[in-house]
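Structures incoming, each one as structure tokens.
Below, chain A partners chain B and then partners chain C, in two separate complexes.
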Partner chain A sequence: MNKIAALAGVVIKELYRRKDFYVLFVLTALLTLGAGSVNFFNDDKIVRYVKDICLLLIWVSALVIAVVTTARQIPAEREARTIFPLLAKPVSRGHVIVGKFLGCWLATGVALFVFYFFFAIITGSKEQIWPWLGYLQALWMHWVMLAVVIAMVLLGSIYFAAPSSTSTITIIVVAGILLLGGHLNTIALSQPEPIQGLLSFLYFVMPHLEWYDLRDFVVYDMGMISLRALALATVYGAVWTGIFLLLAWLGFRRKSLTT
Partner chain B sequence: MTAILQTQKLRVEYRSREFRQSTKTALVGLDLEVNAGEVFGFLGPNGAGKTTTMNVLLGFIPPTSGGASLFGIDVRQPIARQRIGYLPELTYYYKFLTAEELLRFYAKIFGLTRSETDKRIAELLKLVELEHAAKRPIKSYSKGMQQRVGLAQSLINNPDLLILDEPTSGLDPLGRMKVREIIQRLKDTGKTVFFSSHELGEVETVCDRVAIVHQGELKAVGTVAEVSAGHDNLEKAFLKIVGFQTSPLP
Partner chain C sequence: MKISPLLSLVALLALAFTLATGLVGSADNWSGRAKSNNLFGMLFGDGRKLFANQFFTMADVYFHSGYYPSVFDKNAEEQKEIIAASHGKKESEEEEKNEDFLGRPKNWIDAFGRNFKITQHTHLENHSEREILPWLRLAADLDPQKLETYTVGAFFLREHLNRPDQAEKFLREGLRNNPDSPEILLELGRVYHESYHDATRARNVWQLGVKKFRQQTPEQQKENKITGDGLMVNLAHLEDEAGNYGAAIQWFQAAQQISPAPAALQKQIDDIRKKMNGDIPAKPK
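Entry: the complex of A and B
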């Protein structure tokens, strides 16, 4: 556990010593503040509009931070050759995969917490209500979803040498799942065979990241989801994370690394 | 004598990138034994198989056949590297960390306690003369300073076996002397040092035994005197063993 914690610590240190997070945070903050300060057509529902924009920005920023940070981890270790003194210690490749995952996930969690806190302050100051538990639930679901994404990116980074390829492919896949994932079975019904079978198969085998999107619950004050649903979604996310990490380890374990 | 580093019929083949050549053999049945407490020089021309041997010993690549062990443990087990220190030829460290943070990171990997870590870091920074720069990011260091950080990280766990890949490569004469001094000091404290080098004069000075590999095969092994027997010095013996013939300049 010491080894994994040490590896995760380095990932977190690297993130806060780089500028990515600060740039995205400042950008999100500025855009949200801008949106919040404009009262279009004296609309009473301006808070809902601010919430929607703010949450969308948080989702985009968190996804970019998670994907970009994770995609460069293993390729950068190989390119800078820091992987060699590391693996010359009693560290297995499994430790490297899990340590990198944990570091990226925790770092993203810190970013996410800051983003949601900022969101709560902005909307709370306008609405004068503070539904902390609802926000906490949305944050947790968002964070679990990012665990699956981070594990997926780690798997991609084993096979694609360039972090940009991994980032682009993952962002397209994640955006595709978020936008179409929930509708794939309905689309499948209106298609002829074999497309219908293929789409139905895809619907059942892909990780349903869209289930973790509680933005509508927050924006339209729809209350909270049940604890049972929350627990099931957490287990589902953990299983998918485990599958991607296992595949990443299997791929990385066989890789020959030459100095 | 106890052999703490061993290779048995070690064979490594790479998939060749050349047309019509499916595999390339880097090591051909290498048998090597390094005993506890000795300084062992691993010599050979470029492409002889030195780096491949080190890569297998450190678990970076798997052998095609045969095996290798450190302290009797198969090198494919990460625990085999618990009692070793490794210094790569070039400096490969997290440049956004300070020397102290880097050493703390590796100490944590070895499971050192906080008090052990503090004590060890202070000792090592003193040894490599980097106390004044301990809190500066490594990216601001000169090449020599980075090499010294490398040496410090290789000693963080107080290893019984030190594997050095061309430790003096790229260093100025003062830096080389310092590295030689450290190797000698480690030897005096009973540590085993296994290192590759092209500096044959240096090898003659510090090594108890040497091995010469060429084209993936072990060509000679023994004390410096044994290997150089019948030749003026180790360099002449080395050139003869690898089949180099001098020709007059045109």
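Entry: the complex of A and C
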């Protein structure tokens, strides 16, 4: 466990030394404050559009941070040849995979916490209400979804040639699932065979990341989801994270480390 | 011959300046975008109208607090409820039931996924309707010729948010962009009549609306029957309230030509005739 924690600590340090997070946070803050300062029909109580824009920016920024940070972990170690001294120590390839995952996930969690805290402060100052539990639920679900994404990117970084291709492919897949995931079954019904069967199969076997998007509940003040659903979604996310990490480990175990 | 780089730079700058002085006048005419009076027009050209429709839809999504069919669901193409509401239409229980676009869950993934979706059909109320306004403002900026944006926005500002001053301002802006629109004049008249109780200005605006309606082509009149009917019936009620029974009957009769319910209007004409004969006492002014 100590080895995994040490590996994770290095990844977290890397995140706050790099500029990605700061740039995306400043951009999100500026755009949100800019949107919030616009006056519509002399009514200063209008707030939902600010929440909507801010949450969208948080989702995009968090996804970019998670994908870009994770995609370069193993390729960078291989390119700099630091993977050899690392594996020369009593650290297995499995430790590397889990340590890198944990580091990226925790680092993304810290970034998410800062983003959501900013969101709560900005919207709370306009609305004068602070539904902290609702925000915590949204943050937790978002973080669980990012665990699946980070594990997916780690898997991609084992098989794809460059971090850029891993990042691009993962972002397309995740965006596709978020936009179409819940509708794939409906789309399948209007298609001829064999596309219908293929889409239905895909619908049942893909990770349903769209479940973790609770933005509408926050934006429209629709309260909270049931704790049972939250717990089940967390287990579902953990299972998919485990599947991707296992596949990544299986690939990494046989991978030649010379470039 | 060796040319000094500094001299070349000065020569090129002089050439660019000279060309600019000659071309600046005609360059403005190369594209219609430069003439556009708002930023969106300049940036997107006519493509901005696509975004305007999307923002108008967003207003309807907000009106339903996120409970809204996607392009993949049934009911996706139905008329937007903010438009129906601005026409004074109230939903029956049956209609609300029909709008349950989700239906029964198709499988366990769909059923479980509904825990994370908004599944209740609600409408904004108690002044929360203000939340749709930013999207209508953006839609109006992106497509100043989209009439519903002004009429729907003004309806919610006047009827739900008690802001007739802002409703009038928005409609005036719409009228500047669409000077021949009877729809905007109908709504503007309502602001004067129902919010300001200014019968004279309401009459003038509605009469102008009827004039603009009658100037339209027969096809346009057929499409805008509800607007024409609304203008004439409102004028008839206005004259009835003012005690100008003859004028009221004339407006009702004009409305009968285009109204989908001429029998109901005939009943109102008969009532006015009774009032004229003294059978029914006139309402006190």
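By our rule, the second predicted complex is superposed on the first by the 252 of 259 C-alpha atoms of A that agree within 3 Å, B and C clash if a C-alpha of one lies under 4 Å from a C-alpha of the other, contacts with A are read in each partner's own complex, and residues count from 1 in each chain.
We take it that a residue touches a chain if its C-beta (ideal position, glycine included) is under 8 Å from a C-beta of that chain, and two chains touch if they have at least 3 such contacts.
Being a predicted model, the structure only gives us computed values, none of them experimental.
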item	value
Partners on chain A (chain B, chain C) - clash or fit	fit
Which of chain B and chain C A:79 touches, first, second, both or neither	neither
Which of chain B and chain C A:203 touches, first, second, both or neither	second
Which superposed partner A:2 touches (first chain B, second chain C, both, neither)	first
Contacts of A:13 with chain B and chain C, given as first, second, both or neither	first
Touching partner for A:212 - first (chain B), second (chain C), both, neither	second
Least Cα gap, in Å, left between chain B and chain C after the two complexes are fitted on chain A	40
Common ground on chain A, meaning residues reached by chain C in one complex and by chain B in the other	none
Touching residues (chain side chain A, partner chain B) in the complex	2-3, 5-7, 9-10, 13-14, 17-18, 80-92, 95, 256-259
Parts of chain C lying in touch with chain A, wherever the complex brings them together	62, 65-66, 70, 72-73, 106-107, 109-110, 112-113, 115-118, 120, 130-131, 133-135, 137, 157, 161, 163, 166, 170
Touching residues (chain side chain A, partner chain C) in the complex	38, 40-43, 45-49, 141, 182-183, 185-187, 203-204, 208, 210-214, 216-217, 219-220, 222, 225-226, 229, 232-233
Chain A contact footprint on chain B (complex, rising order)	51-52, 54-55, 58-62, 78-82, 84, 86, 88-90, 92-97, 101, 105-106, 108-111, 150, 153-154, 163, 165
